[in-house]
């Protein structure tokens, strides 16, 4: 058996072990690469900085635990940022599984900044209906959400005093892992009602949202764990996302090596020893 | 408002601050002002208070805007909030309808009765004392019958609808609608031929979504073509599905294709199997099938998610020719690099319209094509105009 | 190492799923079905607490807003599909949902995904990047044009279009790899931090 | 009649939602708000139906002792426990339901997708080939973006992040925008056909 053939027959479990090591070793022994902040993340940060204290921000948790390593750190950083600027958070979710995630991140940040539920933040929970939920919230929030996620009437919560519709919301941020999510908030929230919309999305969907950024339909965007890490850096702290960046770097390096290495043999051996039989 | 009324308003507007001051001193106004507090000087008042109907809405809203107090973001920096008050007459009592934080110079009154004129008063507050008030001219809310900021959408929508309906009609009447040959379809035929030469079966993977997904429907149409070729070449065709409905649809399609090819006897329903609904369970099942049967050609047509690269990798390792087609943007890159040919997004739908000759599909495709052509024309024209400084078109494309 | 029983449960779940990497096995299948079952149970509880109670029970029985009987009745018709004779009634709610959703979407899509995109492509700042962008939008649009054979000018345009499509797919490829690696990092952080306690 | 009524419902619901975009006046504004609320109610039932279907599939598999019926027991039991926890004691944070969510649902769900990191790695070694000019271009752009987006790229060449950002903001954006316009045209024409009752595939079958 030639080298090329033997390399091709390599047990994939060996590759599994290599990628695991590429992730675990930098986590245990950090390298400390410097993290640069990209423009869309900076813009999102500034959109929050520019709000007046007391303004209400919708943070819509349109994701689930399967994408938590990417989006949950964004959720935490945003909640901390809002509370540090004395903004009020109206949490909700177009995905059913996002409700506990939004709640946990807000509770954590609230403890740190001494904020209380019902006054500085609320979690309205989940409603089925995707794009219609957005248009319904735009027209009438209390009719869409008569209760918060745990069944408390919203009329009893001070944060919702005088809140009727999108007129009382200054900024919307969708943390989105797919549909329904950013698309719906842009189409209805920004397009139809002229609200400012920002986004935190999984890396898988991030490239598709650059047209929205360029056309000004999104004020800013965090893409993937890297986007979350950048936001953590802007918040002058560190978090799970920035701690993961060394591992991300090494794993990328390994995968790029795999692609180049295998393609080198593919191109060299294509004529003499076809990769495919 | 007639001339007399206008001058009366002007008179009241100039006299009103005085009246209010007198009120405050006598303690008649809101409890926020007490004459002997530590801050002797209240913030300076906001100016240019204006109120007008919110345009293009269902009524019931008046927008009040003003120029910020000199002590907001400057001067003494003492303003904490602005109070907005409303009255139906200048002489009448003004009632507070809301407040906004300093730095904000706009408020929307969401509780106005259409047709009733209101006067709005805005006062700056430093938390202890209130500034002199400023009052707007009378404004009333109303509802509109047409949203003037959305004419462009109406035109675009009407045009696109017209084109789609026109072409569907033409197609139904049996007019020939030209669609360019899709390169991917030639690749499909070739792959079937190559598998036959190698004496290996063909595998067709229709994605993991159910029959209500348009990609699965398109996949079934292409399956018809593949099955026909397979029947002609007498090559075995395996179709593992992840939905029971897709399995029955696939069996129907393949049976019909074999009938068309004049080989109903060669049709074997057992080769079209339902594996499991679970995403990764299905991927593992198809992987196993690939390794056992070693197909010469593998087709991936339909809606794919994360399992795409598991399938494409195993397929690649068996040495089969692989042809993919999907409209899932996040999976397309993996298919492009792991397969020999890939139908990208709309090409999948175009291929199915081309094959089925279904008037609905053909007509819509044609209508959308015209939509694209018009978009290109507007883009080219717009880019040229704008670069010569004529930005009227940008304005026209702005929706409110 | 953690002494929290909850963490240990989570560790067993994690390892159970990862065992699929060795090969498909009963432990993985067990975990997979557990996952589907728990997520269904989650939906049941959430739809009840965030759906049925606030959207039906409260309007009907507390606020006595009997207008809600109409959508309530329409919704119940969904279940008619389990009775063969009345199965056709289940199309009514479907028809409402599809119709209303389509009606709401049409202008929103025209605005946000067509008109606003065209507007964003027009700019008076004339840079190399801008030219690259404009050519890209036009060329890619012409690649997906099916009414003419790709010959002559259209062939050049669609050829440029495929370059942009591939660069865009490359970006998606890179970002998707990034996303998958992030998910593994998340699990590794859980195992190393919450369970073994060797990182912070 | 069996077909006419659903077609009529679709038409009326679709037209009201569509027309209100252009006509803000009453009664359209009010019907629009009403339909929004109705939709949310009907959507609740649609979700319940989805759950019901899955429960049905697995109880049938269990009853008929179909392949892997033992796993259906696991599924139905875990569904029961989670459902009862949430219905009985609420979904408030800190409760038993929340405990199950964080210690079972969360690790299962996130590990399931973490598997993909391994598959991506092995596919990049075994399957991703520069077999055509297009695939070569794709891989080159992918490698630049993968390096540009992580700190390692910055370490290799300090302009790499800028190059990565440029690829994302111009060539990628342009291609994505054209694809977006194409897809949008397709969705609008499908929606239009549905409202006008030309597209009836959703009425077929079940």
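For reference, chains read A, B, C and D in written order, and residue numbers begin at 1 within each chain.
Rule of thumb we're sticking to: a contact is a pair of C-beta atoms (placed from the backbone, for glycine too) under 8 Å apart; a residue touches a chain by one contact, two chains touch by 3 or more.
Owing to the predicted nature of the structure, the values given are computational and were not obtained by experimental measurement.
Common neighbours of chain B and chain C (chains touching each): A, D.
The chain pair A-D and the chain pair B-D differ in C-beta contact count, and the higher one is A-D. Averaged C-alpha coordinates put the centre of chain A at 16 Å from the centre of chain D. With centres taken as mean Cα positions, chain C sits 13 Å from chain A.
Centre-to-centre separation of chain C and chain D, using mean CA positions: 2 Å. Multi-chain contact residues, meaning those touching two or more other chains, occur in chain D at positions 21-22, 37, 39-40, 43-44, 46-47, 90-91, 101-102, 105-106, 109-110, 112-113, 115-120, 122, 124, 126, 128-131, 134-135, 138-139, 142-143, 146, 149-150, 168-169, 172-173, 176-177, 179-183, 185, 188, 192, 202.
Touching two or more other chains at once are residues 16, 19-20, 23, 66-69, 97, 99, 127-128, 132, 135, 149-151, 191-192, 204, 207-208, 211, 214, 224, 226, 248, 251-252, 255 of chain A.
The set of chain C residues that touch two or more partner chains comprises 20-21, 29, 32, 36, 39, 42-43, 46-47, 49-51, 55, 100-101, 104-107, 109-111, 113-114, 116-121, 133-134, 137-138, 141, 144, 165-166, 168-173, 175-178, 181, 183-184, 186-187. Contacts between chains leave no pair untouched here, as each chain touches all the others.
Residue ranges on chain D touching chain A, taken from their complex, read 21, 32-33, 36-37, 39-40, 43-44, 46-47, 90-93, 98, 101-102, 105-106, 109-110, 112-113, 117-118, 120-122, 124-126, 128-131, 139, 143, 146-147, 149-155, 161, 165, 168-169, 172-173, 176-177, 180. Taken in their complex, chain C has these residues touching chain D: 6-7, 9-11, 13-14, 17-18, 20-21, 29-52, 55-56, 67-68, 70-72, 74-76, 78-79, 81, 87-88, 90-107, 109-110, 113-114, 117-118, 120-121, 129, 132-141, 143-144, 161-171, 173-178, 180-181, 183-184, 186-187, 190. Here chain D touches chain B in the complex through residues 21-26, 28-30, 57, 112-113, 115-116, 119-120, 122-123, 126-131, 134-135, 138-139, 142, 179, 181-183, 185-186, 188-190, 192-193, 196, 198-199, 201-202, 205, going by the rule given at the top. Considering their complex, residues 150, 152-153, 156-157, 160, 178-182, 278, 280-281, 284, 329-330, 332-334, 336-337, 344-347, 350, 365-366, 369-370, 372-373, 375-376, 378-380, 382-383, 385-387, 389, 391, 393-394, 397-399 of chain B touch chain C. Of all residues in chain B, only 61, 98, 101-104, 108, 110, 319, 329-330, 399-400 touch chain A in the complex they form.
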